[in-house]
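In what follows, subunit A forms one complex with subunit B and a second complex with subunit C.
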Partner chain A sequence: MNLGAALKTRRGRFVLILVVLGIVALCGIGVFGGEKLPVISLAAEEIPLPFSLPFYGNHIPNTLPSTFLTMAILILIGLAYNRAQRQEGPPSRFRVAVEAVAEGMLDFMENAVGENARIFFPLVATFFLFIAVSNWCGILPGFGSVGVLAPHHAEETAVAEHEVEHEEEAVAEHGEGEEHVEMELVPFFRSANAHLSTTLALAIVSVAAAQYFGFKMQGASYLNKYLNFRASSPKPDPSTQKGMEGIISKMARGMEVFINGIVGLLEIILEALKVLPFSFRLFGNIFAGEVLLFVVSYLFAFVFPIIFLGLELFVGLIQGLIFAMLTLVFFSIATTSHHGEESH
Partner chain B sequence: MWPEGEASVRLAATALTIMVGVLSPAFAIGWIGSKAMEAIGRNPEASGGILTSMILVAALAEAIAIYALVVALAIKFA
Partner chain C sequence: MSSREPGKWVDAAWVLAMGAQGGLMIALPVLVGLALGFWLDSQFGTLPWISIVLTLVGATVGPIMLYRWVTSSVATRLEDRMKTRKKRDEETPE
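Coming up: the complex of A and B.
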């Protein structure tokens, strides 16, 4: 069928519109056909294990295999680059690509920070690569859909409706109650950052590393940011401090010392609280993206999820970039000395 | 049509949370974008740095909307 010729005739256009609408309708037929919404759980589901691990016990959260997958991908790329670097001759395309990515990141960091970029580079680049790769792995086929059936743990969630093709409802009576043991699908893989533990771990490392770099670059005077019991105004000349003027200026300086001290102690609390926005920003973006993909795939099976998969690609990369950039900014704040003028 | 009891309050709470929670970040991101556009218009050479800063600050503002979304989802699904 010649599309160009079909578009010219009125009947051809009519048929074409009918065909497109038919495809759209077919894609959306799941909604009206009575398919059920997939289970969306905020907490990571637990995969039951036949053996017992020391910390986790009988089950592991299903974001853990995703984390291992991401780590495996990054480590393999690193090892492959290491081997490619030893080869003679002109560099291969793989080597050029890896070097381009690394140089791009280093250039960006040198623009932002300056000469300390080389010291910060390993950690910040790792944050970016880990988060971006783990977010991208989360939209691979098989994530969230291939898994085992396990007894439904949470009783207080909203009604558990199961995916149609993977379910069997094992109904068992417990003693005198009417409860059923409903089985739910526990996927083997789930996007790694969709678990608050992963993002919290990354955020804690980021904030702790900022403190570490602060101490390393500035030594013990880094503590002056927090324990700041000195006045910010310069010490006045004693010859002008006579009588009432002297008393008032001493009181003013006393107030300054007091307020600066309290602000310094507040800084400690603020530094610790930085963990929360870091972790919740990443968790919220990725978890909301997962929910979005579930719901769109529930509504339209075939064509329209492509748009949202593209959105997820973009969001995953941007969130990695944001995390890395904010980490870099906090590193550079921690390593530049604050109060340039000391009043002694 | 509507669920009864606790489920209906959950539904209403989820909707209200996300409704109110995205108002301020929407304005914030719009302001940031408009100021960035003005700055680029004045100084097209610096557009790279301005764009990077704009994305950074927009992500910070969007994080507030994400907090509201996380609370809404937590109300609905946990």
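Coming up: the complex of A and C.
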């Protein structure tokens, strides 16, 4: 009420306008004050190391530290839960919270796939937790903003670099900036799923595990999905198969076997191709989120990015949920036999 | 049956996941075909031809993949749903 009364006076309105203008000016600092355009790299940037590692050499992708950070968080929670579980007395809040999350996931999966949920639970819940936690880690302060300056990689942005080189040549002709090397900020942390290798690895594990569960539940008959050399129509009565009619019937059955074989081969290819949209979706969403946050906080340093941080929290959770759900669907398809599905 | 109806969330997540995956299943094979064709063309110096063929192959593979994926997963989902519903009804007799 007090504020409303104050706004009715002339002075009150003047102060209000000043405050709004001040906020807008603060927000706009990035737009007018920024000297250098931010560099966005599709591939994960490489952090130079002072020592050499097996496998990586003296560079590691900057998604690796955040992957290990995510793993450390999850492992620490697991160890803490293990300790909390062994304590006497009423369960602590932490233990109740962890159990609520685990039970919620199990409940969700039991509603989705029924009694198989307990078999799929370890892998699917790990996918969900890993993806959700690493996505949420991606919006911690310091991700994408704290790092070292390293020489720009020429091969990654060949086209853009080409123009820069021309400019540099022009500058060099004027006798300036001979030793000018383009430096770029390599952040120490980048959201783990904003690296195609991470999401591809997750997708391959998911699709491969689907094959494993298929064999486990259906045994050797799971191979029928891929290697199907039987006619799907019932075998005709031999007494009616005479003359021309018999030959045509046999040819038709031969054709069916051939088509089923082709369908089986196609199934193998499609199974392998499934990995692509699966990994690209996760990568695309998380990378887009990173770029969005980056650009928004470059343009408007204050207030405005908070909305997008909230959005990214939501997207991170939803992407984890989608990945877990799709994995469940893969497992469910692999473990359910669809006899006679091909026949109609 | 509980008042919060947990199955509703599962259905929502299932639709979300299917939509997210299905959309890309149409689009990605075309792009992958184009990229692969472009690379092969640059290797052999036959610029438009392999790209065109592989793009068309991608455009046919995408819908086939989507069709098979949707039919098999819808069938599995309906089966699972029937199973879970039966189980829930057994657990909570009227």
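In this section, the second predicted complex is superposed on the first by the 292 of 344 C-alpha atoms of A that agree within 3 Å, B and C clash if a C-alpha of one lies under 4 Å from a C-alpha of the other, contacts with A are read in each partner's own complex, and residues count from 1 in each chain.
In this text, a contact is a pair of C-beta atoms (placed from the backbone, for glycine too) under 8 Å apart; a residue touches a chain by one contact, two chains touch by 3 or more.
Note that the coordinates shown come from a computational prediction; the quantities given were computed from them, not determined experimentally.
Visitor: Please determine, from the superposition on subunit A, whether subunit B and subunit C clash or fit.
Guide: Here subunit B and subunit C cannot both sit on subunit A without a clash.
Visitor: Please indicate which partner A:V291 is in contact with in the superposed arrangement: first for subunit B, second for subunit C, both, or neither.
Guide: The first partner, subunit B, only.
Visitor: Which holds for A:T336: it touches subunit B only (first), subunit C only (second), both, or neither?
Guide: Second partner only, subunit C.
Visitor: Quick one: classify A:L42 as touching subunit B (first), subunit C (second), both or neither.
Guide: First partner only.
Visitor: Between subunit B (first) and subunit C (second), which, if any, makes contact with A:M325: first, second, both or neither?
Guide: Both: A:M325 reaches subunit B and subunit C.
Visitor: Any idea whether subunit B or subunit C touches more of subunit A?
Guide: Looking at subunit A, the partner in contact with more of its residues is C.
Visitor: Of the partners subunit B and subunit C, which touch A:F280 in the superposed model: first, second, both, neither?
Guide: It touches subunit B and subunit C both.
Visitor: Once the shared chain is lined up, is A:A72 touching subunit B (first), subunit C (second), both, or neither of them?
Guide: neither
Visitor: Check the residue A:D107 against both partner chains and state whether it touches subunit B (first), subunit C (second), both, or neither.
Guide: second
Visitor: Report for A:L266: first if it touches subunit B alone, second if subunit C alone, otherwise both or neither.
Guide: Second partner only, subunit C.
Visitor: On subunit A, which stretch or stretches are contacted by subunit B in one complex as well as by subunit C in the other?
Guide: The answer is residues 111, 277, 280-281, 318, 321-322, 325-326, 329 of subunit A.
Visitor: Given the complex with subunit C, which residues does subunit A contribute to the contact?
Guide: Against subunit C, the touching part of subunit A is residues 107-108, 110-115, 266-267, 269-270, 273-274, 276-278, 280-281, 318, 321-322, 325-326, 329, 332-333, 336, 338, 341.
Visitor: Would you pull the subunit B residues touching subunit A in the complex into a rising list?
Guide: 7, 10, 49, 55-56, 59-60, 62-63, 66-67, 69-70, 73-74, 76-78
Visitor: Give every residue of subunit C touching subunit A within the complex, in rising order.
Guide: Per the touch definition, subunit C meets subunit A at residues 6-7, 9-10, 13-14, 16-18, 20-21, 24-25, 28-29, 32, 61, 64-65, 68-69, 71-73, 75-77, 79-80, 83-84, 87.
Visitor: Where on subunit A does subunit B make contact in their complex?
Guide: Going by the criterion above, the answer is residues 40-43, 111, 154, 157-158, 277, 280-281, 283-285, 287-288, 291, 318-319, 321-322, 325-326, 329.
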